[in-house]
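Just below sit the structures, each encoded as structure tokens.
Two complexes follow with chain A in common, the first pairing it with chain B and the second with chain C.
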Partner chain A sequence: MKEGLRQCMAWLHTWAGLVAGWVLFVVFLTGTAAYFNAEITRWMQPELPAAGISLPPAQAVSMAQTRLAGQAAGAEQWTVLLPGGRNPDLSVSWRAPARDGQRFGRFQREILDPATGLPAEAKPRTTGGGNLLYRIHYDLHYMPAVWGRWIVGICSMFMLVAIISGVITHKKIFADFFTFRPKKGQRSWLDFHNALSVLALPYHLMITYTGLVIFMFMYMPFGITSSYGQNQQQVFYDELYNRAQPVPASAGAPPLGTLAPLQSVLAQAEQAWGPGQVRSLSVQRAGTTDTVVTATRQYGHSVSRNGQLRFDGSGRPLDTDSARGNATAVHATLYALHEGHFAGWPLRWLFFLAGIVGTAMVATGLILWTVKRRPRQAKAGKTHFGHGLVECLNIGTIVGLPIGMAVYFWANRLLPIELDMRRNWEAHAMFIAWGLTLLYAVARPVMRGWRETLWAASALYLLLPLLNAVTTRRHLGVSLPAGDWFMAGFDLTMLAIGASLGYAAWTLGRRKPVAAAATARKARAAAPSATPSPAQEPA
Partner chain B sequence: MSSKSGVSLRYRLDVLSRCVAAIGGGYVLTAAITAVLALTLPGHRAQATLAATLLSFAFYACAVLWAFSTRTATRAWAGIGVPALLLGAVLMLQHNGAGA
Partner chain C sequence: MTSLTTTVGGLTLAYSGFVALSLAMDRHYADVFGRGQEPGERQRLVLRLLGAMGLVLSFALCVVRDGWGVGSVLWLGMLTACALALVLLLPYAPRRALELAVVSAIVGSATVALDGIHGMLAPTRLPLA
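Moving on, here comes the complex of A and B:
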């Protein structure tokens, strides 16, 4: 091994980062997009009405209950999601009882028109929406979810090791800033990578560890095994969430089939939390003697998810959650920190920016690996297969995925509305574009590959608002004056992303002659007879 | 690392050995620590199990850092293997004790 702790840690940081880097890039970028999954879905369903509706909660609840009683009388569970927060609609959903051989019954959801109380007229197109990106973030795609979760988990563990070893390495690197740094290009990449990593270090560490926590019992089930025994997970979960305790039956249980108007529950919850603070009401076992109505509070008043009140079918309060254990509180907080539901708009944008910084950190780390080794490759006169592979995978992933995501949005607007399996084809379009970018990177010299794919990505994003203008009636000229922030926010963000990618392509093009000429000079001096291979530096 | 001339087979085997110690050995050690902590941390057993599992990834990271920072691969294995065996023995005793 290397001499000295710092060298060991630098080695570990380099190789742990490289092995997991490409998956981590995908996880970071799709996860960053997922902070706005609902807003992305909204853009991808332009048939839905523009802004949020204003409907008094009491009226909304009564409307929803009427609809549910008519449509879902026999259902196991009802949920009313009230407009407010990031949710612009009044919607109802229900789950039918499970049929023989099924674990769960059919789940249905309707968005209600606030004017009529009936399902909204506009039928939105089928789309994977922002939730597809959200799922890729932890399940990947084209494989069983369990595989994806294991791959993402293993890569997250690599990330944790890379962060800690990077910090140990960095202590000394900071001192090195002021000493000897010969190669400017490499030094610049290193500085950039360090700045991005240190700038948002608490975020990087938090998001990595909390990501592992989300599926921790899958990755590390041995705590449960040792204290509960084999195959006793259910016992553990029941104890952990107090599920085993039966709902206390209040004296004089309401007669079968009785469900008091949900407004009384709403009124009690609003009295406890304040007006407009109820996010949803759900009814379990409607029409039986042990009906439970749960009111859930709007996000944003606390980091971890609590804020629930429970009532019986007649609207009488049941005892609220008993005090939680300390470990439960920590777990809930870590979980909530990762998901970020509590974040209002300013904090949500900050999380989004931190996610972009994390994505860029992974990208610059991957690029640094190649930049550091390019002189050696040029000196040898030929590109080692492994080096060429990393160069191609870097372009193919770092530019390929953004291109794929842009094409996903293009496909959403361009695929025929009635297309069979439309949702799947949107995703296929994303992965086909991504794959083509990878092939393109293989076929082109490295620096040209970077520049040309970056220009393509930039164009795809910059033209998205135009595509939106051509295919819908809600372009920026309409959405901005109307205050339609779902549409305008998405379009403006796409313009910003397109401009950033274009700036990167432009910078690369401007810098190219100096760096490439120097590299080419070195290459010629070292091996005058060498013929350039496709994956080599452009001469 | 990629040039064939500069790296000896001995070095490659050393790195491979440390990788196995870090990834495989580290996982086993983490599992053992988590299992023992789930039994020994104070409070309700659900809370102890939850706390132990929450901490597990920090232990795993430490084990990996140890495997790559210590002087020799043998030391890397010893530092991970010995505590894992000791904790394994504790678990065996506990299991047999509970079963008897």
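Moving on, here comes the complex of A and C:
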């Protein structure tokens, strides 16, 4: 019975993993990149000033208030985002009052020049930035967002099934905990797949489960519709998030009041949390008698609770955080764990590493499927259509998407600045390159396809810093001495990725004779009369 | 925000802890000290205790410095990074893995000592919320 269960689970693991594998690879890789979405966007807008300008918060706040009072006097909401953490700029944003028939008013945002207090002169190029990768992570692309979310959700469910069945299938989790035996063909792939899966198991489980929880109301809306009715879902959300009812438009213009300098709010918040701990200040209904000023704390001191202090228009403190129910707190924690906003630099890099491990886990699983079946294909003398399809899709996805992402960054630098629909063309470039890689994989013998596409991917990443040097004045020679870590960090990461891909291509080229010899040995041992066949090259 | 002390201390303690735990296993003891070598029973017990101590100290450092929530997430991330590094070092450079563990253990202990044992034990610094 025990053996039966394990075999059953192995079957489930194999096929659940294969069916959802390619989508999961895309979800994992773009999601991993999204841990640095703001930093990627920054690299893709080199017109913006270098990070690392120090501006005392009090000065920044008074600058921002002057600008907002001049530009957005009648606005419903103001926000001042102070430089600090992952945000290098002082920026202001405001939302105009909603007009008839609109749910929200127009939203505007400006990055202020710390020297003048006016909007930064350099207009950044339009780009999808890191946010495009972030959106692909759960919406996919070229389809309505809802379809993407359903596809990603179904595949995440397969992922959860694959994780649990994988744990049951794995015979010796603790005995093999540190085991990796290289240069042993299928054995090595299995060891590596196991290590990647087991060593980051808490992350894999967390990220898959929380990913499903984020969209749980979309995937499972039945509880809400049965208690609130088909068209009353908004009421549920307002109650869930404790949202105040908006002031009805018919109430007319509220009585005028004055807004004290925001510096006093800043000072009180810094006293509570420490200097530099205020992330943003937002003002609701500025210039009326029921103004509320909210100070929000910098991320990083708690997983899910982003400390807030509330004040009235004259700077007097109002009530503190309203209490949350346990269910809301659990939901907020699961959500926060997935998004990782609370992660400072060291933890952010660990999240990134765990994301890479997850991506590699999916990739090695897909590769293992083919490695296991190659000898049988070779023995039969011809490649089964299904097997060939998996081989091509593997190359086309596992190398194709990284190539596409590199080309996305290339397009950001090479497409003309004033190009119409520039943002869309960056994305098109990514998908065209990805599609071409897939076609190339179809046209080439499998092992050569892997090697050549890996070399191409490696070159695309290794040359990115050079492209940056040619097209901007923010290359590594400038950004490193200046401590411009947004620019330098991106360039260095691209070099590391390029080097890893190159190493993979090089290893693959070197490894071939060893693997072929091993297969030949095995074939001789199994059937002395059978002729050793070139197992690695099913044409 | 996680400090440099927490990062270095947490990583070095977790890494040396994992190396001690792996050396308590026959396969990896042989990886490092040569084929056929096995740890004695006492040695195995000491290695297991040292290993557990490394992981526990690493967890304590993360939680004391960054709180229960962020600290535990940070610790789990460090475990993944360190175990992965060890798994990749063992087949290619087993002696290096051991040397690195010795250096790590020294750096990690020094970090904790510098941070102040009294600080870790003081009840006021334990974030219970």
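To be clear about the criterion, the second predicted complex is superposed on the first by the 474 of 539 C-alpha atoms of A that agree within 3 Å, B and C clash if a C-alpha of one lies under 4 Å from a C-alpha of the other, contacts with A are read in each partner's own complex, and residues count from 1 in each chain.
Going forward, contacts are C-beta pairs under 8 Å (C-beta built on N, C-alpha and C of every residue); 3 or more make two chains touch, one makes a residue touch a chain.
None of these values were measured; they are calculated from a predicted model.
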*With the two complexes superposed on chain A, say which partner A:Y203 touches: chain B (first), chain C (second), both, or neither.*
second
_According to the stated criteria, A:H301 is in contact with first (chain B), second (chain C), both, or neither; which is it?_
second
*With the two complexes superposed on chain A, say which partner A:F351 touches: chain B (first), chain C (second), both, or neither.*
second
*Pick one for A:N326: touches chain B only (first), chain C only (second), both, or neither.*
first
*asked:* Looking at A:F342 after the superposition, I want to know if it touches chain B, chain C, both of them or none. Which is it: first, second, both, neither?
replied: second
_Residue contacts with chain A in the superposition, chain B compared against chain C_ = B
*Counting only touches as set out at the top, which of chain B and chain C does A:L240 meet: first, second, both, neither?*
first
*Which of the residues in chain B end up touching chain A in this complex?*
1-3, 14-15, 18, 30-32, 34-39, 43-54, 56-58, 60-61, 64-65, 68-69, 71-73, 91
*What residues of chain A sit close enough to touch chain C in their complex?*
85, 175, 177-182, 195-196, 199-200, 202-203, 298, 300-304, 333, 337, 342-347, 350-351, 353-354, 357
*Contact residues on chain C for chain A in the complex?*
1-2, 6-7, 18, 22, 25, 27-28, 67, 69-70, 73-74, 76-81, 83-84, 86-88, 90-92
*Inside the complex, what are the residues of chain A that reach chain B?*
1, 5, 8-9, 11-12, 15, 157, 160-161, 164-165, 168, 209, 212-213, 216-217, 220, 222-228, 236, 239-240, 325-328, 330-331, 334, 373, 376, 380, 384, 386-387
